[in-house]
């Protein structure tokens, strides 16, 4: 019991033989994965490999059908799980930013802290300006999302999640929708977060970035964890599939 | 024989016209907010409610939208008085208008809600917001902004629909013209004057609602571009 | 005796429904005939045509139909003519419908992609030829669902003819109610008859919209 608890406090995400179906199609075929506190892991693989699905299971956007999944000490395979409570600890950034267009940048960021964490306006505003500064957009506080570039909007999305002071951050292909010259600013923000010790799960196509920022790389293929390792894994793939994947420059 | 236009009745009957205008405005103002509120709740009920509720609301909406307002008013007013429920013509008119406008508003707002990209709702729920918080802070403001022109048109139509209320002896503006006509036999002039007054009211209504848009939608005021 | 109504009273109500149908068809016919030139004027290159038709539309959309009915009714008698109430009502419906249909069709014409205008211009077609062979056929398709939707509104609008004493469905049911005081029964029947006329058209309009959108 004590061992389990020790493991539990150090493990932020633990997949145990998780399977997921979309109707008849098996998308996750029994994956097992562990993410410890402070660790950064990157899920890589082709489209349809199940990496985004696995990520979305972590904060309950997708439900699992078999197996066990523990996130921040909570059991997602439990039907009675309180998703709202979980999502206060787990932040996520989406490929399409999903900012609220009718609110200013500042309002986008202060909305959840004020309504969910019930912070008073002043505290929420201070917090928002702090995280805006962290992502380098302090001067854009009163702009509307439509006035910002894609890279800036994505950084605001990151700030918005950070304002909830999560213990775990999820990134779902956050640079895939950006023009190439804008991805750099977003990746630098993520690198800084990693350096500050945030636990992160990153789904990305940016191989160089994944290699530099992640402690662990997880190559997924056809719904299975095909290979795991650190950055060297990409230079010396053990399986043919990973070799093909790296070779194709994806 | 050329008809001689005679607008002199205005000198004597302008109080009746004014009273008619006042009742028209009162009926309209009393019906807009409740109609909007009930209509929005119906739209939300259809989107988020249990299947039975959604079906019931759809039935209500189709019934109201496929029958004339005047029949709805008669049904309510004469029905209630047959049940010996004493209700003023104004009250009956307002109730019928609210029921009627809600059905049309429900459809307009439903379109507004459904046009909001689902990604935003996903993001909001991942920020641990409750459904009620999502609806109030994210969905409602955007839906209203998006369908605002349709809402304005609907409320103008509702104001115009008050003209039928003189059929249940609510003496609004059209009823005032009828009164003048019966006393002076200047029907044509009376209704021309009343038509002009309606034109003025509609223009003022649109002006007020346009001005409110600037107040209600700060983003529109700042950027002047649609959502 | 069903619901305490005599067969004669039933027949009277149903006859009113018949007149509603007649009035609706007259209103649609007139509205279409007058609406087409209005719509064309709204998209015309001649500014005065655009302004004049715009004024016509604005005025008619800001006046309640009962008032229009009265104006037409009294206007005709001033001109020295006596016409049956049906004609006056049909005329008022026409004037009103032309304004709304004109706007609907203007919208349809304007929603034909501008690339079509450019393409037909580069083929050296005249304005009339462009409209006749390229723009209007496409606008027609787009305009059918909202037009059918407006026909529903027009059927409901015929109920306003009660104010000038035409014995359509609303008037007939009111008369029967005045003698029998069975408002719930009578007006439910009337509502049911209107519903049977309008609901199929509403459903048709939705279905047509789906067809147009997919193509």
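A few remarks follow.
Per-chain residue numbering starts at 1, and chain names A, B and C are given in the order in which the chains are listed.
Here, a contact is a pair of C-beta atoms (placed from the backbone, for glycine too) under 8 Å apart; a residue touches a chain by one contact, two chains touch by 3 or more.
Not measured: the values here are computed from a predicted model.
Contact with both subunit B and subunit C is made by no chain of the assembly.
Distance from per-chain Cα centroids to the pooled protein Cα centroid is smallest for B. Taking each chain's centre as the mean of its C-alpha atoms, subunit B lies 21 Å from subunit C.
Put simply, the C-alpha centre of subunit A and that of subunit B have 47 angstrom between them.
Subunit A and subunit C have CA centres that are 56 Å apart.
Within the complex formed with subunit C, the subunit B residues making contact are 1, 3, 62-63, 65-72, 74-75, 78-79, 81-82, 156, 160-164, 167, 174, 177, 181, 187-188, 191-192, 194-195, 198-199, 202-203.
Residue ranges on subunit A touching subunit B, taken from their complex, read 59, 61, 83-85, 87-88, 90-92, 94, 96, 98-104, 111-112, 115-116, 144, 146-147, 157, 160-161, 164.
Residues of subunit C touching subunit B in their complex: 59, 61-68, 70-71, 73-75, 78-80, 152, 156-157, 159-160, 162-163, 170, 173-174, 177, 181-184, 187-188, 190-191, 194-195, 198-199, 202. Listed in rising order, the residues of subunit B touching subunit A in the complex are 117, 119-120, 122-130, 133, 137-138, 141-142, 145, 217, 219, 222-223, 225, 227.
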